[in-house]
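After this come two complexes, each holding chain A, first together with chain B and then together with chain C.
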Partner chain A sequence: MTKWTLSNKQLFLFLFILQTGTVFISVQSRVIKAAEQNSWLIFIAVSLFHLFILHIFNKYYKYFQLNKFEKWLYQIYWYTIVVTFLAYIDFILEVWAFPQTPAYIVISLMVIVSLYANLSKYAVALNISVILIPFIVIFLAMLSLATKDLIWTNLFPFGQIDSKQWIDGVGQTMYAFIGIEAFLILRPFVEDKKELKFRSIALYQLILTLFFVITILYVLLFFSLEEIKIIPVTIMYLLKSQEITFLQRLDLFFTYIWMTWSVISVVLFMFLGLSLYKTMYTRSIKFTVFIHFLVSILPLFLITRELVKKSHDILMYGHYFFGLLFPLFIMLKGWRKSLREKKV
Partner chain B sequence: MVSYKEIVESLENEFSQAFDFIAKELVWNEEHVILCYYSTMIDTAVVMEQLQTIQRKFEAGEAEYGQTAFSEEMTFTIKQFRESICNGETVIVFPKTDKMIRILLPKIASREPSSPENEYVVRGGHDGFVENLDVNINLIRKKLKSPDLKIEKHTIGAKSNTTVSIIYLTTKVDNEALKVLKARLDRIEAEMIYSSGQLEDYLEDVIWSPFPQFLNTERPDRAVANLVDGKIIIFSDSDPTALIGPITLFTFYESPDDFNGRVLVGSFYRLVRLASFFTAIFLPAFYIAVVSFHFEIMPIDLGEQVKSSVANIPFRPIFEALLLELLIELIREASIRLPSPIGQTIGVVGGLVIGDAIVAAGLASNLMVIVVASTALASFVVPSVEMNTTVRLLRFPFMVLASMFGFFGIVIGSMLLFIHLLNLQSLNRPYLSPIIPFEPTKIKSIFFRLPYYKQVPQQRNFYLFSKKGKKKHD
Partner chain C sequence: MKKKFSIILLVTVLLSGCWDERLNKNIVSVPMVAFDGEVGHLKGYYGLPGKQRNTTEYSYITVDGTSIEDLRQKVDLQVNEGIDLSKLSSILISDELAEKELYHLLDQYYRNARNRLNTYLLVTEGDPEPFIKFGEKMGDDVNNYYSELVQGFIHKSVFPNIDLQLACSYLMDEAIDLTLPYVKISSENGVPEVVGLALFDGQKFTGKTLNHVESLLLQVMKDKIGKYANVSYIDNEVPVSFRINRIKRMMKWEGTTITIDYRLKVGIMEYYENHLLDENRKKKLEKFIQEKMTSDMEKVVEILHESNTDALGIGRIARAFHPDVFKEKKWKEIYPTLTIIPKVQVEITDTGVLD
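Now for the complex of A and B:
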């Protein structure tokens, strides 16, 4: 196994960028469309569920032992996420930033960043997220410019959640937690395999939840429900409506912040896939180049509004399986195996 | 044993073409001895005095007649003989007993320590390193009166026999980095080492990186501050530049002025310098991206002004920018090569007259002149010549990317640059520390000049930075 370690802070920053990455501009519309004024409540409920899942992962991660087939399954899942994300990023950039530039150029340039990072030493992928820390602050500052335009009555009525809202809301909220299984992959590498306290996990989940809930609330209070139904990327429109003295298009700046964020999440997903590959075979430059070439070609077949939407919907089901059920199943299998070994 | 004939042959072969080489046969107590030296590299009076002392002891029949405070007795070898003569020592050869005595008093030409021209400070010492290793060590010892100060000498270069000294504080030094440095010094296989720049090529972690991995300084106060920080100083003889490592990117943005001035003032200028890093690299690229792709980003009034300014320019913004940037580089090169009064005149002529004429001729817009001039100013703010040239070089690829892809190109370029910086190391130590690995508690020392010079050891690897890790390294 490759020799590298990471600290708690690195683990949680890695997870935060992985989970927020590409999805943080679209999750608000999805959740609000499904659960309306109750969206933020449902988000908190789903977040609590994922906190429980993280706690389980943390407690039993030692039993998460993947065989070769399972490792390939996870790799395929992560590379599929990357392909879907790249298609989505290009779709958004085409709409908001530069409609003239061919998709293959935009995607190739983004993939080159990932290729360079993944051909570099492990420390690069583990630390690259640090560049986004100031961007998180800038994004929240940009968002806060809309505070004066918020209509607080848009929040009401809330609390009465019917079953349809629960089912749809929970389904759409899952979208924000794609990549949670990375915790299990990275956890064994946390420095000296030391104990990770529940308090640390809860704090991480609180920060992640606050980040999403704040954006959901801003969108909910800024637009009416009818507007949200017809606006696909509400955060973008919210920022486009802001005027500051020296900038006419705040959204354009945000687009590039989001793009950086997304490309880094692509780097992280590729890192996860390649690090699993390296556990089966040795580190291979040829395979790293090949898989990057593949993920730069495949998104070109997905860049239409319908396909982008469909592929994102499918990702949620992927999360149900690879993020929740499959890890629990593998840990259970590992636990039983260890029991058998103890008896022997 | 080497015969008298062999010695004479060796002298004839190797030194007969040097007019300043002197070889004289003397007779001391009926024994023939040969006195050799370069007349241009000794102080005759001082050497004569030493010679007389040795002769007196020899004639008195003392056992260790060659051992004095400034001389050394040893077995004769052609190799050592050659080296000593080339180092400016005076050698007395005793063919009968196969011995030689080296009088270790070479006279090396050196100027007086004066303020380095490329590292001016407002307050603080105005002495600087010179082309003499002894003087440089003297300047360091003057400021750092500590017995911990260790100086190791290595001889490198088969032909040049260059003395390279590594200086460090035994109680502070990063031992792993020291080991790496020594190993790299031992690996050098070169005929000639004649400058610190050449030495830097052999010692750097990534030679093709645009970023310097050693801090160059001619200031003793800067060198001493780094020694106290646990860094290692490398001197090559006859070069006034001290190479300091391991360093981080942020070391280049620290100036001795920060610590000589007031806390708030020092912190303010540190921030200005750090902002200049981004301005110098990104400003022209940003302007090109806005003018070429993203006009709509500007408020309408400003946008109209910019449009009217660039409307009649016959070139694309990238060519306009390249024209002005190259002009600035020409002015800079010209002003460096010329004596300072003429250099200043060139600056004025280039900056004002040509700049104004270019705008009047409609070859570049007013705004582009402002952008390029601001960029040049920002790049000169860096208190390190190496980083200054790096920053100036880096803006060109960003300008090209901005002209091809707008902000997208700048973002992609920035990410590639960031990954490169993440990969970079100085003597195997992270170059972006304390940003990478992320150590929030140490970050304030990058941006602010703290009220006292607190020594924070540089992070020594990419992975371990828990409390346990810190303790282990501290």
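Now for the complex of A and C:
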């Protein structure tokens, strides 16, 4: 496998785009539907749990040694995520921006970007997220336009969380942390391996949490709960309702930002899968082209409201297994193996 | 390899715009629509400004249909091009129609991503056709005539800033009720004029309205005034006009009795008795204004209670902080049992260039 490294900042930017891309426009309504005024509290609780997971990952990543079968499992998981995300992206674009454009054109366009990035040098995929930094700022600025319309009483009452809200809220919040296992894949490639302190991880998790909590609060304070029940993509709807003199449809402008964001997250997931593939086989160009062809075909069978929703629901269970349980199991296995080796 | 990819990428990017291209020459923009009748037997009026539909003159189309979408499709059949509602600036609804479920009329506008959410809603006294017909006299203002009218009155603190999106929010939230601009055709000159605010009880127009002075007071009571909030009274045959510069609102809840204290800072705009540096005269005038405003606010509360319109959003505060008073799905029964007492304290902080 080709030697490559990345800095702490590259690692966290990679993770941020991977975890926010695609899902950040829909996670708010999912969480609020499940936990109402307590949604942001539950999000913070789940985020703290993931901070703990990241800390464990950082401490024991050396034991995360995948065998060939496990590598294939992870690849299948990530390619499935990509297929699901592409179907979702096209579904949203069809509703909001391109109702007439054939799905295969939109999906091919997105997949071509990924193919290009993954056939190029590693640096392309690792650094492509940089172009999103100004978009993150623009998105938050666009969101802030709604500040004057927020109804602060919508925040209350909060604090009394019943068991149903906990179960549903935690389940829906997990959606925002899909891709956390990428940390384990990328961590060995960080320059100065010993230098990744808990403080840096906590800061990253704080930024990610703030990003999501801000969007959840804006949605919660802007819409009534009854409205949120019928609007699946609340952020888009919120921006659509904002009027600025120089741009008639803010939502459309945001759609393009989100599309870019999502395409890059697709690039990153494909990069993860292909980087594992490259650890097993030296020749990878044909496979790279083949897998991109496959992920551009499969979403075409999923682009209906019901299938998009169902496939997203299934992804949450994928995260429970591939993001949390499986890595912990592999690290435990690796740790026991190292103990055995030490004894020998 | 890279060159090939670059070409493919470029070609695909160029292609993606073709299918969803909507040229202005192929569509007819509708800036205002009006509805009358009832769902199942609706009548729609679509204003079509000049310089499109092969005409330079303003015209409007009248159609009958069962639903808002049905009306739209029927209008589509009457124009060579497709009609485009993405620039719709105002929707006028007859008072009779507004007395039915309002959301039933608006669903189509929320559902379509191309529709604007900043469109203003107005309730008309009687048949809305003359309001659309009046487009013939609007000249270049036809695209934004009613929306600018509403915006003007938002600045004057007579109307709340409620557009299509916010109306949906109000309609779906039982803890607050909607108020919409109420307009009529002047019997003197046939020009659309503002009456005040139409009061809603849940989804339905109650048939009760506030005049424009009461509407302004309602915005003051909500602490949501626009750029200007000017009030005029007569104090012992001396006119006194003032603008409200600042409002501080505090609510005290004692069981089902809510006392709302308003502390207003006002600037005198007209008072020919002058000498407002004289502390006694100033206090006397302040007392007059606060008594008058308190009694006027009490009248507004009475009207709101009669129509069961929680325009002040008392329900939202109850839901947030008084769970003993607020009960889900029961607020419309609880609200009329509340006693709301407004109390006004006025401080004159500005007298213009004269004392």
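What we mean here is this: the second predicted complex is superposed on the first by the 341 of 344 C-alpha atoms of A that agree within 3 Å, B and C clash if a C-alpha of one lies under 4 Å from a C-alpha of the other, contacts with A are read in each partner's own complex, and residues count from 1 in each chain.
Definition applied: a contact is a pair of C-beta atoms (placed from the backbone, for glycine too) under 8 Å apart; a residue touches a chain by one contact, two chains touch by 3 or more.
Since this is a predicted model, take the numbers as computed values, not measurements.
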- Go through the superposed model and pick first if A:127 touches only chain B, second if only chain C, both, or neither. first
- Please work out whether A:89 is in contact with chain B alone, chain C alone, both, or neither, and reply first, second, both or neither. neither
- Give one of first, second, both or neither to describe whether A:260 is in contact with chain B, with chain C, with both, or with none. first
- Message: With both complexes superposed on chain A, which partner does A:223 reach: first (chain B), second (chain C), both or neither?
- Response: second
- Query: So, A:116: does it touch chain B (first), chain C (second), both, or neither?
  - Reply: both
- Item | First, second, both or neither for A:246, with chain B first and chain C second | first
- Message: Looking at A:106, would you say it contacts chain B, chain C, both, or neither? Reply first, second, both or neither.
- Response: both
- Who does A:97 touch here: chain B (first), chain C (second), both, or neither? both
- Contact residues of chain A, present in both the chain B and the chain C interface: 97-98, 101, 105-106, 109, 112-113, 116, 120, 248-249
- Item | Complex contacts: residues of chain A adjacent to chain B | 4-7, 9-10, 13, 93, 97-98, 101, 105-106, 109-110, 112-113, 116-117, 120-124, 126-128, 130-131, 191-192, 194, 245-249, 252-253, 256, 259-260, 263-264
- Tell me, which parts of chain A touch chain C in their complex? 95-102, 105-106, 108-109, 112-113, 115-116, 119-120, 149, 151, 153-157, 223-227, 237, 240-241, 243, 248-249, 251
- Note on the structure: Touching chain A in the complex, chain C uses residues 1-2, 5, 8-9, 12-13, 15-16, 18-20, 86, 113, 117-118, 163, 165-166, 168-169, 172-173, 313, 316-317, 319-321, 323
- Interfacial residue positions of chain B with respect to chain A in the complex: 293-294, 296-300, 302-303, 405-409, 411-412, 414-416, 418-419, 422-423, 430, 435-438, 462-466, 468-469
